[in-house]
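Presented sequentially are two complexes of chain A, the first with chain B as partner and the second with chain C.
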Partner chain A sequence: MAQKRRIGVYVCHCGGNISDYVNVEEVADAVRNDPNVVVSRTHMFTCSDAAQQEMIDEIKEKQLDGLVIASCSPKLHMFTFRGMSERANLNQYQYIHVNLREQCSWVHTNDKVGATKKGIHLLRAGIAKCELTVPLNAIRIETKPRVLVVGAGVSGMRAAISLADMGLAVFLIEREAEAGGWALQTGKMGPEAQDGTDVVAKLLTRINQHENIMLHTSAEVVSKSGSIGDFNVSVRLPGDETVSLNVGAIVVTTGFEPYTPQTDEYGWGAPGVIPLKDFRQMLAEADGPLMHNGKPVRDVAFIYCVGSRQLKSESCPEPNSYCSRYCCLATTYTATLLHDLEQKTGQPVNQYHLYRDVRTYGALEPIYEKARTGGAIFLRWDPSNPPQVTTEGDQLTVKAKDHLLGGEELEIGADLVVLATGMRPRENDTLNDILKIPESKDGFYNEIHLKLRPVETMIDGVFIAGTAQGPKTLAESVASSLAAVAKTGGLLMKGYVDLEPLIAKVDTDKCIWCGECLKACPYGAIEKVNVGEKEIAFVIESMCKGAGPCVPVCPHNAIEIEGFRDDQITAMIDASIKELETK
Partner chain B sequence: MNKESDPKILVFSTNSISDPGIDLAGGAHMHYSTAVQVVPLPCSSGVKPAWIVHAIEQGFDGVFVAGCGGDCAFLSDCTPRTSAVIKKAQDMMKEKGINPKRLKMSGICSVCADNFVAHMNNFQNELKKLDANENG
Partner chain C sequence: MPKVSSKLAAAVKCSDEFNAAACMHCGICTAVCPMGYEILPRKLFRYVQVGLEDKVKENIPNIYSCLLCGMCSENCPAEVNIPENVRFLRKYINENEFNLS
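Showing the complex of A and B:
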């Protein structure tokens, strides 16, 4: 280490959460005379306002140029102390956080001597890293007050309207000739008893009247460049015309694909075995008793969980193991629609609902209640014994073992077998190539964190909402759209965004442009540039995520991640293992 | 409980996925040896084989790479990439006469507390056996 540093070290008691199991005074003492440490002390609660003020005063007074705090997990307070550093005029990237609670005191409550020794090692590693920090500045990007929304289903339409209401310009693009998505084909929807087509028509009116929204149908994204705050997107319009759009953020609401059963799966392929969507359409179009094959429909069997919650087997090597969430609501609601039709026409219809679990959660339970009290029969099957559908002439038979009757075999004759098919991720290869949003194990677009950051993706400035992110009911789709609106608005209304500077950097002397890092980078953040005679790799700051897959592949040790540099990690390793001087 | 004889393990964990899992072991007051020490990184695919070799040369008995597994928020193919790093590190270890069994990798997800503790205990037992064989 070349340069002399002025580092402040603070070790936290956390009440007793740390100090009951780690001798914090001994830890602070151990490093006090280290060459670059100017001050080392303990605090009862480092995160308290009073302690922060004391540290700020000391940082200023002693003109510290590095700070190490050994306290709780960085997940809790790293940003607290970074903010505090800035208030003390200390560059926030010269602050290093040491995890002395979750990864030391709390896991070693049975060994105070060992935990104290380990604490000193952890602290020394933090100091070693801090000694090698350099001041860094966040990367500030100006944001454009415009948004691209891809996919005009209910989710995309709803997002477009609320974004436009904030005063942002919105380009809403839809691949099909008509906006609306699946809601155009769902008939009357529960629990609000609204027609999908009416929902779409109302949204469309608002969109057409809104001066801030430009809707393009039969349009598709063909390329994208730029990054958060300032994307350039090319969109192909009908007639092969291409427009270039400059936007600050992208909201992806490309929806789902209904599951298509395999041939013979629950009788799929036989006449009279239909998906829920077709049955809803029949109900929507019926102006008298329900008819099938020229005869009135008397018996209908509904099979739930088709293509959802699948178990792995030979015939299903890649199961959709998730629950599709909407189908229990949609199918029990369909039961009530059928009851309404019976009342209207006086034509009785027997309904058999073959379910695994009825997941009409939350406020949807009354729909299930209404379906049962209206006379629909609910039979529970076990996944080890799924219902079998057979045909003879135009008579369909469903054989099922009723789980609740102790596995009693039942045979149900049916005119129609309706399959409550689940949701699948939509095929979208072109768009996926362009946007590179990571996908989850289930194949839907992946959020950063299901609970904490549910509409953000690893691609800064690209948000996801609705069923593109995972199966949802209509209300849940809209709720997630509005969450994406809030996040997008929060980003664009401020006018700028600050990005973490802990990203890749290339050593221009060592790099000889072999292109390995470019191949390893999943975000397209590496470019070849010429510096004088030489070709070298260049990192596009706003696109690099700082994950570092480029680091180990470089044959010349020429690329590293700031904050996790070679010299820093090596110094941390050395400090972690160095024998402690015994007093 | 740490004894002087506990094999020393350096863990490379990842900020967003495996570190929360390791933190959770603390939150749940589970126990593992104090000879286990964690260095967090952004993503396990960015571990340099040279760091692994360096750690062993400096005196760690084993290195454990706690990968994001399938949950990596950066890369969908994080696991194969990390495996390639491990492979390269093991080759380097062999060249230097270090038993490649001193390096282990496993996906540790953000709720994998039990899993992590079990890995640490097992790895320490394996390292003890290795030491016994290499010294005798």
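Showing the complex of A and C:
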């Protein structure tokens, strides 16, 4: 048994959420006379201000050095009670949370006696863990007020400007000779009718005028070290010059790659079968009726969802099953651009839009409405019966079924077949090797949580935005880059960041450097260091997440997670089975 | 397989008289039409819109048997002016099929 402790135990009714199914008084009574327990009582609502104040007073008055609260899930109130502990001058890591609601009362509503017994076991385990706690301090890292933004498409440029406006120094790195990304090639864009090149030009003017932004084109990241708040990044500039940058955070806005159809996919390869990008360019350059092969264009068929929302089949073993989001907007908007040209030139062009679902969601619906009422014909197709594109001479024919005619087949003779190709993750092997941002199953960079933490990655201090994270329209790309700006600003403006101390710890005597833990660590948080003659494993505090895959692989029991040490876990198991009846 | 006629499609598109873009294919018009043809007017308009000229021609008798009574447009939730559309079609057929002008 460890040294003598003074632990306070508080069991919560949760207004009946717990006490209707668990006899909380019996639970509190069961541990009251345990050797290290000084006080054990119940509260109707432990999280209420009044109850917190009572606990604070009692912790101070009875000089408690450990706290166990048996209430709801720690996801709900762990930080509430950590804060409370600090206010009572008790180290927050000496408070232990026992989940008596989600893991006991709510799942055993039909067995109060059993639930009460289980509650006692859970509480005993919590007390056993608390007995072995030591005071810990958060790991404080000073952050550098500088940011690296990788990729100067619209997303990266927009992020750079707002970061610089906050007073942070920004290094904006672009691999190509010119900043702007795909927006340079999209012609006029919906729904705001802005020319992609104008958007880029305006952003570029602001960037060039901003004293806080340093834009490097034809530049690439070659290496990275350090961690949140303090990264060292080497960047290769044109002429093989390398600069080394010290930044507090990295924002990755490396964008997307348009899907390239396979040969023969919807006639791909035949003259006149073109991607939407090329058609937009034709429109942008047209100063009279549209011409193709020296003839005026009269009939255009648009095929939607090319390379998106694919089903698995023999010809498509690795389908892109996601929706590319931008293409319904971009294609219906293109229909309205074509209507405008028609009005201007007086040359009618028939438009056939072969779609699966029109996903002009939210405020984009009027674009579809405008395309339709302007005379574009929409024909829906089913993935089991995709449109067929065939060629004869320079005549293209699209065969489709119209579901509004009960599936009657029809043939459309087209001068041009325009494919609304989806977005693919960019090939970026070198960068991926350096940054190690996890990828989603679709191959884009993965956020921690799509809704709750959409621009953060598993690598602390590395953020993602724009189409690098997943398909987006221009407005959505900008919105996400501003979200990344907010997160980056939140991290760097304070000047420091506090990290959880519940991380791996190496016993330098036991470790013989076999490297097993390094192989197991998904965050690259383990390094080999020399201590005198001896080589041992070293945990980079700012990178370790305390996830613990290193622990079970160590053949010498030399590595442990603070707060989840072997002695604590063993004590918890012993304590929780103390009262188990053997039948 | 029925082919889309670029000419009909363009004529429909450029006309102020024919307008069925608002049609949501609910079929009320077909249900209330006293002539009781399955084709009138919902399916016929789709043939016209898409530009399936052969299908339209097959239905010349139906197009000319419409009474222009307006029962359909009276009940159409999308306010499609159906008799006006039928008039447009007759004009198109008179000119292009019967060579009248």
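The rule is short, and it goes like this: the second predicted complex is superposed on the first by the 574 of 583 C-alpha atoms of A that agree within 3 Å, B and C clash if a C-alpha of one lies under 4 Å from a C-alpha of the other, contacts with A are read in each partner's own complex, and residues count from 1 in each chain.
Going forward, a residue touches a chain if its C-beta (ideal position, glycine included) is under 8 Å from a C-beta of that chain, and two chains touch if they have at least 3 such contacts.
Keep in mind that this is a model prediction, so the values were computed, not measured.
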Superposition on chain A - do chain B and chain C clash or fit: fit
Which superposed partner A:Glu439 touches (first chain B, second chain C, both, neither): first
Partner chain in contact with A:Met44 - chain B first, chain C second, else both or neither: neither
Angle, in degrees and to the nearest 10, that opens at chain A between the C-alpha centres of chain B and chain C: 110
Of chain B and chain C, the chain that contacts the larger number of chain A residues: B
Chain B versus chain C as contact partner of A:Ala125, first or second or both or neither: first
First (chain B), second (chain C), both or neither touched by A:Met572: first
First, second, both or neither for A:Ala547, with chain B first and chain C second: first
Partner chain in contact with A:Met458 - chain B first, chain C second, else both or neither: first
Lowest inter-chain C-alpha distance for chain C and chain B in the superposed arrangement, angstrom: 38
Intersection of the chain A residues that touch chain B with those that touch chain C: none
Residue ranges of chain B touching chain A (in the complex, touch as defined): 1-2, 8, 10, 15, 19-20, 22-27, 29-35, 37-43, 45-51, 54-55, 58-60, 70, 73-76, 81, 85, 88
List of chain C residues in touch with chain A within their complex: 1-4, 6, 9-10, 12-14, 21-22, 25, 43, 46-47, 49-52
Touching residues on chain A, where the partner in the complex is chain B: 73-75, 99, 101-111, 114-115, 117-118, 121-122, 125, 438-439, 441, 446, 448, 458, 502, 520, 522, 545-552, 561, 564, 566, 569-570, 572-574, 576-577
Touch list for chain A against partner chain C, complex: 298-299, 348, 350, 352, 372-373, 375, 377, 379, 399, 402, 404-405, 408-413
